[in-house]
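Dropping the structures in below, format is structure tokens.
There are two complexes below, and they share chain A, which is joined by chain B in the first and by chain C in the second.
Now for the complex of A and B:
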């Protein structure tokens, strides 16, 4: 766990996060400006074609970490190594080449797409900044639609006309447009029913095998975590309090926070599904 | 019936309602055009009675309203007693000036406030945004009559601009180009007052709606793809923010017309304002009603145009999609 540069390039890890901290200023009339530490000294790595799940209660700082890695926020201190480059302090312009490497899928697929756009426009938008031709963009969009299990004939439909599950598939298609290596899934199952969640999980597992994708899974749903993740990190009050293989964490939790999470989710029920992709 | 058909029917019903209220309220106001004549011992009461009969003012209100409605349907809005001429051509000659004033003021207000509002929203929280915010609050708080009088005082003291009326005394002897500049010079002050009042409201609305759109999750999602700020603003934010701004257009036009009546009186602009004021003071019944109907017409047409523009801008209103904002 040394933070020197060469190791990050030698090791198999795609993403290395070192000492990442981020605080927000929250203020009101009575107390004035109070800094809130959303993430404190966070360390972890994600290997190629592997899945790391960050679990934790609401407000534990999971989403903040996700947003810092997706380049939506700049950490106060710390390093975010992606493909051998520290992107933590890059400017908006300098970040551009790395946008294609890391893509984020948001909590609510419905609001993460412009309702005035057609499915084609939603998927093709990331390609615009790369200056691809119209036909080329269309071709990529058609391929992606089929890949996520949607009909290519629906490309001209408005994004608002898709159902919840279809929209999540559309969001996945959009995230895949630029050929990323890492997908950040921030509570991507929010608001979907169980069978739909299982379908999306299967799709993501298939895509992972096909494209050697890495996933950073932000969730509080332990059933899905058990199903998808190779390793798990538990966050509490902005810090990672425990990490290890999924098996390890679920069968022998050490930290009280982990125990609490497992108890509340009745983790015992999910143990049979531990092996990754077994029921796919 | 389709959307526009419904809006059109609603507009006509509104106009009928406005005319009924105008009749009722004008009738309730005390006094009549002939009251001053009654005080004059040289005019016999018989003459006044015959005059009242001549203009139909002795008839009951309902009869007059019915006759007026029938005539109005054919474009005849009654007869002005003071000017001794039909109301419609008289109003139209003045309404042209009011329209000229309000349309120029509206163009100026929108052309300045919309880019300014978008810019202020993009600068959210910085010094310049705060400064424009404070300035616009100040302009909102001060009534436009106060501005009108203050600006008029400045113009009169330093003689920067021609003031009063619409044309200079030697207007007829000027070349076409010089006439244009003469009218433009006379117009500048009232246009400035109107545009300032209207532009402030537009600025604040545009800024608020752009700010809201910038916070939308899909805008942030698009940002995470590295999409440039310019494309975000023009392709994502502005179409969303345009809805509230277009709805504002109708109100803005109505506000301009009513504001214009006042500013016209202060600046001596020969529009509907001074005409309606004089007609009200002398109780020139049909001219007052005609003037009110004209103002209402502007407002209703403004809202109708805004509705049509909204449908063009947002197809979801036409389709009746339930989650349309």
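Now for the complex of A and C:
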């Protein structure tokens, strides 16, 4: 099934993905080495200043798609158009200018930064690579720290001293240094507790309005998606099985996989009847 | 309601923690008080949910009861009575024979808890060998039974598998099998679903429900998500900055939270659950940073973030009050 995400204007889309496929060879307990089609014929678009959420169960291929778009994996076939250029088959060197356009924020902020770096080094590293001067770097780092709700006085603390939520803010600050247009958020909330998740979500929503950022949100958390995304694509076994506006997907899911995800999200909510059943 | 779980002794006190104070002394930093006068009673066959943000002392509470605190932690005062024996006065040998057999733990991250170079079958079998006088064949039989109970369709294949060959959800079921293998009276589950997606979370909660119904095991389930505990726990205790600020029956805590912190948590949980007509927009939050236990302060530790702070909150510890049956709240609002 192909996706037909509602797009107001064709020219307005920042990211266009066409026929993207990627497979891995993987050891399997029962059958030895088998190829796994992690992504199969995936189509979608993300508009400027909009959020597309890709949802799906573990192993449905959402992270593979995210990594192909961030330029961390090369798709086997397909096109990834970012800002008018197809980056899918670019060489490592040719990809470099696009790294500043697309930034990725990973599941676990703790393992995505060098714990021996200070906060300043974490944020300034991309600027250093781009050859910015020391005063300029420090100035940008200070501005960004404030922007993500951290004190600029903490720039000299080591990254390991920050709490989980603070480290996720630091990761967001680092991602913003080069003025990206698209942030790929791969389960960026995993491992944070609810009030921290809410704070990070609010921060991202505010940044989106302020900087017209686009987000590609990878998540299994439908409730979060409902408040963050404009459009949703549902993945199952490497394919997009349903897509549409967030409202459509949540109020009128069509595909069984979408219904399953929605039901499990709803089942995880207050359910007094189960309590009675359990204690009977 | 509690009396229905199992026969005879249900509803008796199984574990009683009294005024427990635990302090960590990190090598290069100031000592941190992780638990500050925590009292909690767990009755036989009961499921208690412990709710709180990271750093509030939830895991320290579980590790204290299992006497498996890291070496830089010190229990300063308090009692931990399990079946009327104070665990703080047991010898290491006695503790070893009790851990895993009478009280067990479902760890937060099964990937870290399992030995990567041992088959999972052998790892479950190891727990049995440590505690029960079974022959090798009987042990293997019992492990197969346990794997079946955990919902594995082909237990023989899983028995021979190494942890890396299993998925996150499967590994979680292996550590649950380990935890229940010797039929403990009490299980501590430390964020048992935090590494899993929504579908698998439900499977694990259903599995724990089933274990509780079948074996009448009491459980202390630690989580930051009220919705996970809803409908599963009998009672919920909310922790903030090393103290239990509110405790009560699950449904009542969900519907009528009394402490301002519990109220804020429930607001966020409602916004984080899916509803018809949800629109893109900001979440409600609890403003301010999580309490830093290294900082000593007088008064209520939630005061800086509290919407309903009063003059009294600045100077004194809030008293424990019981505005209704089976409910305790530490807040000046109920101080009448």
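The working rule: the second predicted complex is superposed on the first by the 249 of 280 C-alpha atoms of A that agree within 3 Å, B and C clash if a C-alpha of one lies under 4 Å from a C-alpha of the other, contacts with A are read in each partner's own complex, and residues count from 1 in each chain.
The criterion applied here is as follows: contacts are C-beta pairs under 8 Å (C-beta built on N, C-alpha and C of every residue); 3 or more make two chains touch, one makes a residue touch a chain.
Please read all numbers here as calculations on a predicted model, not as lab measurements.
Legend: residue contacts after superposition of the two complexes on their common chain; A:112 is shown touching chain B, with no touch to chain C. When the shared chain is aligned, no partner comes close enough to touch A:36: not chain B, not chain C. In the superposed pair of complexes, A:261 makes contact with chain C only, with no contact to chain B. Taking chain B and chain C in turn and counting the residues of chain A each one touches, the greater count comes from C. In the superposition on chain A, A:202 makes contact with chain C only, while chain B stays out of contact range. Touch criterion met: A:58 reaches chain C, while chain B stays clear of it. When the two complexes are overlaid on their common chain A, residue A:227 makes contact with chain C while staying clear of chain B.
In the superposition on chain A, contact is made by A:99 with chain B only, not with chain C.
Contacts from chain A toward chain C in the complex involve residues 27, 29-30, 51, 57-59, 163-165, 190-199, 201-202, 205-206, 220-224, 226-230, 246-247, 250-251, 260-262, 264-275, 277-280.
Against chain A, the residues of chain B that register as touching in their complex are 216-228, 231, 236, 239-240, 314, 316, 321, 323.
Interface of chain A with chain B (complex): residues 70-72, 92, 95-96, 99, 103-104, 106, 108, 111-116, 125-126, 128-129, 160, 178. Residue ranges on chain C touching chain A, taken from their complex, read 1-2, 4-5, 53-55, 157, 161, 165-169, 194-202, 205, 209, 212-213, 224-228, 230-232, 234, 250-251, 254, 264-265, 268-269, 271-286, 290.
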